[in-house]
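So, here's a batch of structures to check.
Two complexes, one shared chain (chain A), two partners (chain B, chain C).
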Partner chain A sequence: MAVLQGAEAKLYLGGDFYGRPCIIKERFQKNYRHPILDKALTSQRIKSEVRANLRCRIAGIQTPTIFMVNFDTNSIYMEEIQDAVTVRQHINTVQAAELNPASACSQLKPLAEAIGRTLAKMHTSNIIHGDLTTSNMLLEGDPSELSLFLIDFGLSSFEASAEDKGVDLYVLERAFLSSHPNSQELFDCILAAYTDQTQDKNACKEVISKLDEVRLRGRKRTMVG
Partner chain B sequence: MVVAIGFEGSANKLGIGIVKDGVVLSNPRHTYITPPGQGFLPKDTAKHHREHALSVLKLALEEANIKPEEIDVVCYTKGPGMGAPLVSTALVARTVAQLWNKPIVAVNHCIGHIEMGRLITGAQNPTVLYVSGGNTQVIAYSDKCYRIFGETIDIAVGNCLDRFARVLKLSNDPSPGYNIEQLAKKGRQYLEMPYVVKGMDVSFSGLLSYIEEKAPKLIESNAYTPEDLCFSLQETVFAMLIEITERAMAHCDSNEVLIVGGVGCNKRLQEMMGVMASERGATLYATDERFCIDNGAMIAQAGWEMFRSGVVTPLDQTTCTQRFRTDEVEVTWRS
Partner chain C sequence: MATYKKIKHVLYPDSTITLALYSGLESCKDLRKSVMEGTVVASLLKPSMIVDPFQVLTAANKAVHLSRTNNMTTKNVHSEILFCLSPSKNISESFRSFGAADSDTSVFVAIVDDAEDKTLTRISEILGLSPVSIDDVASLADTVLITKAYKLSEEEISTYPILDALVSRIAAKEIITAGKGKN
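Up next is the complex of A and B:
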């Protein structure tokens, strides 16, 4: 069984759950933090992950099916999305193959729009992902089919406030621009599709203005030695 | 052979250091210390810097055993920082540069910390956790830029610790953070408090409000001692910092981590980072208070790198700015 180690969990790949391809996500103990804090965070994140995963599916967003949770081993057993690449890998592949940045961008535009629409659905259901990055989005099968899956809901929460949604988008923007240089235009596409897809225009306006506010907190904040 | 002198005064430390091709020749510093329960105000801090600038400069030259004519470049902190202290220190740098007829290089304070950390520890391409009274950032280098992967979305971690020290009326000598660290060693009981991580970003303002309000009551009722609260606060905020650093390392596939900035000399933070690093097969690089805390040599070192790559700041552009992002600087000296 292949093992991948992420920042907070080990992923055991290639398992089998009653005949279905399964991965086990085990949140291991973090010895650097206080045991009480570690226990609280681990169990809280397993619960958040499972809850948000289910809520997303109800909202019509693709996520891996969760088969089982073992609280003794802090493990989630879930469907392995086969033949998938992360959005991060896909963007890197396209950008590496296409020397002209403008045409790479136009190739990736449909993907950016699909991401924007998915996030709009998610926020309309008041789901805050909490760790939106291009590594936490998968494309199943042929990337041009845009079969997008959201994963890694450990930092998620269920909030209706514009502040939380704005911060969620801010986290994605930061991760997006730092992982993919020269991609501001793509992120703008995500936001445009997000705005377009959200039915409640007033609520959406509020989220975007919160996003601007949070950006300002980071960028223009007085920073003292 | 290039000799650089650096002037740092962005916060309450006035530091002047001399660096000669990667060797720190001198690095004296004078700190403005306020009474317990009080922070430092820009006006009084600037006054402190003006009062001590010449004596610290004299000390820097004497300790290095360097004459002004041997200096090749004068470096100063352009920002970020507090306006008045920055300006008063830059004025000294501009004055000596003209007196000695030397070129000037304006340096970003955060870049100063990173370059000093790299020089002292020998880290090649680390993920950097930069933690101080004014800054909390997780930084990694790519493509001529120190990119900010994560940061605080409100106050800095050092600010959070300093303000809690004021609640407890701890001494600001040598620094409030140091005194919290000493008390925390005696803490036994862990109090759970708000833990706010959003992706690779953190937030401390809610946590600070929570503990500011709770602390006096908890101490009065003897439920928790001040030591317990310092311990719990450190455990919580440091765990948040380690978590976002680890996430950035996983994201960037990095196996080196460097801690810089004033909070970076906290031994407990270094210890926690060390555990995280060893569990993922990475190496931790950290320095002590001579180089973690704001100092002149770090400005000289960053300026030295910039100068060697051909950067010189024209005199009419030797201004200061309170807001100067780490990622605004083009890193001309790294490949």
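Up next is the complex of A and C:
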């Protein structure tokens, strides 16, 4: 079984849950934290991760199916999305194959729109992903079919405020621009689709103006005054 | 009888889960009586609430895990399977909507640790029938009723196979119900 190690959890790939491909995400103990605090934080994060995953599903966003939650080992057993690439890999592949940036961008436009629409759905349900990056989005099967999955809800929360949604988009923008060169135009496509898809135009306007505000000051709120 | 399935638990390989489906019964009354009296130890589930054996397997898997870690809500592992399968927090409501009724003409059976298939053989004797293929449960499922019981949203059904929607809800039951009210 292949193991991937992150800062918060270990990921065991290639498992099997009664005949279905499964990955196990195990949040390990942090020895630098007080045991009681560690336990509380870990269990809270598992819960919010599972909850956000389910809320997204209810909103019609594709996420991995949860098979089991084991509170004893702090593990989540979930579906392994077969035959998938991360959006990050896909963008890199397209950009590497296409030397002309403008044509790479036009090829990736439909994907950017799909991302924008998915995020609009997510924010309409007041789900804040917390860690939107192109590595946390998967494309299943043929990337041109735009079967988009959101994964890793470990930092998610439920907030209705424009501030949190703005920060969520800002985090994605930073991740986008730092991992993909010449991608401002693509991110603008995401925003355009996001705005287009959101039903509540006023709320959406507020989110976008918050995004502009956050761009100037950074992710953290100013604590002056 | 190659029609039923006996499966090793993913976490506890020393534990097994047996799944079987019986259809064409005159009534489920005698079998239910034996289970209530404790002479037969098994979970009797309503096939109309099951879209796929995997749905029951998820619930049984969870029930065995909860029993091993002493976190059960109900008295024993077989009633826990019923409770895990149901989206309700209320035990008797879970039994009413997901447990087999006297008038049912089919029954889906789940047995934990059935040594030498003794319980299954006993059930076949009581019903006077052999189990049919468990995959036949798909044709007995009442998806309208299931959608209502699990409160599946329209977006969800159009995005996913109904089985995946149910499996996620079963696996995360205590997490979603605990989150109610807050947000």
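Of note:
Just so we're on the same page, the second predicted complex is superposed on the first by the 212 of 225 C-alpha atoms of A that agree within 3 Å, B and C clash if a C-alpha of one lies under 4 Å from a C-alpha of the other, contacts with A are read in each partner's own complex, and residues count from 1 in each chain.
Assume a contact is a pair of C-beta atoms (placed from the backbone, for glycine too) under 8 Å apart; a residue touches a chain by one contact, two chains touch by 3 or more.
These figures come from a predicted structure and were not determined experimentally.
The larger set of touched chain A residues comes from B, when the choice is between chain B and chain C. Comparing the two interfaces of chain A, the one with chain B and the one with chain C have no residue in common.
If you check the complex, the residues on chain C that touch chain A are 7, 10-11, 54, 57-58, 61-62, 65, 69, 71, 153, 155-156, 158-160, 164-165, 167-169, 171-172, 175-176, 178-179, 183.
Interface of chain A with chain B (complex): residues 5-8, 30-34, 36-37, 40-41, 130-133, 135, 155, 167-168, 170-172, 174-175, 178-179, 181, 214, 217-225.
The part of chain B that touches chain A in the complex is made up of residues 8, 10-11, 13, 77, 79-82, 109-110, 132-135, 140, 142-143, 147-151, 153-154, 156, 190, 192, 195, 197-201, 235-236, 239, 242-243, 246-247, 249-251, 262, 272-273, 275-276, 279-280, 294, 322-325.
Residues of chain A touching chain C in their complex: 16-20, 47, 50-51, 53-54, 57-62, 65-72, 77, 79, 126, 158.
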